[in-house]
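We just call them A, B and C in the order they show up, numbering each chain from 1.
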Amino acid sequence: MRENLPFAIFCALVTGALSVPLLGLKLVSEGTSLAIEGADAETWMLISGGMLAVFLTQLFKSQLSNGLSGIKQSLPANPVSGLSDQKRGQLEKGLLFLVIGLAIIWPFWASRGSIDLATLVLIYVMLGLGLNIVVGLAGLLDLGYVAFYAVGAYSYALLYQYFGFSFWAALPIAGLLAALFGFLLGFPVLRLRGDYLAIVTLGFGEIIRIFLNNLTSLTGGPNGIGSIPKPTMPAVQFEPEFDIVQLEFSRRAKEEGNLPFHEFFGLDYDSATKVVFLYVLALILCLITVFVIRRLTRMPVGRAWEALREDEIACRSLGLSRTGIKLSAFTLGATFAGFAGCFFAARQSFISPESFTFIESAIILAIVVLGGMGSQLGVILAATLMIILPELAREFQEYRMLLFGLMMVLMMIWRPQGLLPMKRPRIELKEAA
Amino acid sequence: MNLESLLYFIQQLLNGLTLGSAYALIAIGYTMVYGIIGMINFAHGEIYMIGTYVAFLAITALAMLGIEYLPVVFLFALMSSVLVSSAFGWSLERVAYRPLRGSNRLIPLISAIGMSIFLQNYVRLGQGSRDLAMPSLVTGGWTFGPEDGFQASLSYMQLLIFVVTFVSMTALTLFIARSRMGKACRAVSQDIGMASLLGINTNRVISATFVIGAALAAVAGVLLGMQYGVANPFIGFIAGLKAFTAAVLGGIGSIPGAMLGAMILGIAESMTAAYFTTEYKDVVAFGLLVLILLFRPTGLLGKPEVEKI
Amino acid sequence: MLSVNGISMQFGGLLAVNGVSLEVNQDEIVSIIGPNGAGKTTVFNCISGFYRPTAGAITFNGQAIHNLPDFKISRLGMVRTFQHVRLFNKMTVIENLLVAQHRHLNTNLLSGLFKTPAYRRQEDKAMERAAYWLRKVDLLEFANREAGTLAYGQQRRLEIARCMVTEPDILLLDEPAAGLNPRETKDLDELILSIRHCYNVSVLLIEHDMGLVMGISDRIYVVNQGTPLASGAPDDIKANPDVIKAYLGES
């Protein structure tokens, strides 16, 4: 304990240096110059409390670590590790269906606000699952994923603005354009080593945002693009003649030839149906994403992604072309971001480059990291936590990004495999006679 | 080329070198950390931002006490900023990177991104997210050129930036070449395992690297803060990326490379802004980064890596 | 089948391999031996396309391959193992074998997404081949274990099985016996011989275990400090004074 004393004092002083100037003193503008205000008593209490805590933990470091390891030993390492592999696989499958089932019946009693929020969660689930292909499965750290999201969103917005495309016509194009961008950006970065690849993708993401911001005549620059129409629901009409009509969810149809939803079904107008419809649409898109990616991971291409993450040289020695594998991961990952972006534009009705900053990429990455790289259920759980928690506690809002950064660090230290690490698919062998 | 366009060109060159000096100071931190533990310290730009804030605090505090004698103000700002930033650099390594040493390359990078977001919001919480403007302390300068035409100028502040950068770089070079710690640094960057077998305390060397990098970033923070007079919690992100570009351009891991790369980047940026467009000057920096990494990932002065099989 | 003609490999100022030639015929087991640092693995890396030799030519089944990228060479029917085992550690044993068979599998995305009958048939066949080789290297019971959790000897065997499911013409083994106990080495001996006999696969081998090398090789090439020193049948090599000198040093 005594030998820890100098270091403990040093650490307490460092803590002071970290907190006193930046938290304790506050710069305020006063006319053309600056002045300093002291913080309130509470902040000072917090600072001194922090210093004291650091001092004490450093002083009693050895005792503390003994105690901690004791607790660790008494806890089971993994609550489900007792189950056999097969049981665990079934459990996970069951859980996935349970989540999907809940997501389907839930809007019947939920409030309008929470359904709206859930739609947002679903967008992030889609983004997380898409990025999971690139980061979790293929092991390529893409820090510019938001660029593909932006491509999807702007595809719809611009196609609508200049050519009058509907959501349904724009959706596949948005996916394709994002895929094309993924392919084009993927090409040059393939040869790069992991961390360089991360920075280059970050650079690409920023470049796309700068262009969106400055090509004012095309994209509206920082003002963005507004009044993007919401998706319509296609329906079959028998009278006066057999036809497929698009139903809108507003009181009156804006587009020529479309009908309002409530008139078509002879209901009273309810503004909540619009919200529910968006939610259902997002859920369908999400389910398709889940299904496609689940299949992909059990197909040769999905296995090749993981093999590449595990050992690139071994892949090459077995005749796998790393270019092809990386490109497919980049392209498919981007496609899902494109779909998500298109839906996002339709939901918001308004987009601007503000929505596609690096922080957005970092949030999506954090979802993947928190959930567990490669794990679908994990991504769904993480997206839900990340989007809903800050909404639940409004006073929390201010600390949201702070905690979020901290969470990324702590997860890397304590649980780099994520909350729900990926479970390997179990393959039953049929032996040839 | 007539006199006017020559003067205009010289002016841009001077501006570019000023910017380049600051980038160089920040880039050292990236390049040294990369050279020693092979990780991109993504949060390094935030250390620079913190340096600027502390400088503003120090200068304002002295002004409120009525002390306005420039050398005192400048030295006090420099010292407090270096001190606080070093504390941040040291803690950053201790808390966010040391527990991850030896794990897969991407894990410390993700942790660093988390730290970068954390620090931005830490400062935002304490100081607010709005731009803070500080009147310039050092005014005036020399102007050249005809009275009635374009005049190039070298402000005293720019001169101060050159001098301080030069002094810091010389001190760093001497430190690395001569001191015990400097030699240990070089040994660790060659082979960390071997160095620790030979009895070098590698943890201390790594800590020292972070502290030196942070101190230099703080110097850049003070200088650029005084030059532009603006601070907000988000200035570190772009500055950090630019400095990282400079380090890669010069060859990451190489200290002279970082200085060279920073100067080239600074000049390229100011020339783009002057002759083409200001809106896309960041695109130039990022584009440059992408191109170098694609065509010469070892940079101008870096050593090539042989793939081990 | 494989012929290497005077290849050299230079790294900066260092000439790691200098004019090495060798020949592997159909159904032959050929070894390269030499002291540590003699450049044997570099020769392997040149043959398998990881390095591009700075001089010389390599032909495989009549085709010049020294300018082809690594993965294309492997697709021609030449696969290798590594001095330090390189498995896909976080994937299961069976997945390791499935990844290796990607060429035999339909990689069309849609047929996989909808599980067309043709896709299923191929997938089943790949699974059978994998199971066959797992039994052969005695790893069947570990099929669903993560490859990284296997014991060292098992990992070595899995790496060979992973090569064999690609149905190669020639197999390059880089120190397959390193770190194995005598019993495992004996099993390996049998495995290599059966690979040649039952599957008509030629084997090119780097090895330090002289018992293994002398026992199974048809011919041996000796490399010292990057240059060829001797070649011939095992008995000739054992008696060659130059070889003895290179191994024991001047004395």
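As a convention for this text, a residue touches a chain if its C-beta (ideal position, glycine included) is under 8 Å from a C-beta of that chain, and two chains touch if they have at least 3 such contacts.
As the structure is a computational prediction, the values presented were derived from the model and not from experiment.
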| item | value |
| --- | --- |
| Chain pair bearing the highest count of C-beta contacts | A-B |
| Far-end chain from chain C, centres as C-alpha averages | B |
| Gap in Å, rounded to a whole number, between the CA centres of chain B and chain A | 31 |
| Inter-centroid spacing, chain C versus chain A (mean Cα positions, whole Å) | 43 |
| Gap in Å, rounded to a whole number, between the CA centres of chain C and chain B | 49 |
| Chain B, residues touching no fewer than two other chains | 307, 309 |
| Sites on chain A at which at least two other chains make contact | 313 |
| For chain C, residues contacting two or more additional chains | 50, 82 |
| Chain B to chain A touching residues, read off their complex | 39-40, 50, 53-54, 56-57, 60-61, 63-64, 80, 83-84, 87-88, 90-91, 95-96, 99-100, 103, 105-111, 113-128, 130, 132-135, 237, 241, 244, 248, 279-280, 282-283, 286-287, 289-290, 293-294, 297, 307, 309 |
| Touching residues (chain side chain A, partner chain C) in the complex | 85, 292, 295-296, 299-301, 303-304, 306-307, 309-311, 313-322, 424, 426-427, 429-432 |
| For the chain A and chain B complex, residues of the former touching the latter | 14, 17-18, 21-27, 29, 32-36, 39, 139, 141, 143, 188-189, 191-196, 198-200, 202-204, 206-207, 210-211, 213-214, 313, 358-359, 362, 365-366, 369, 398-399, 401-402, 404-409, 412-413, 416 |
| Of chain C, residues touching chain A in the complex | 48, 50, 69-72, 74-75, 79-80, 82, 86-92, 94-96, 98-100, 102-103, 105-107, 109, 112-113, 115, 124, 127-128, 130-132, 134-135, 140, 143-144, 146, 162-163, 166 |
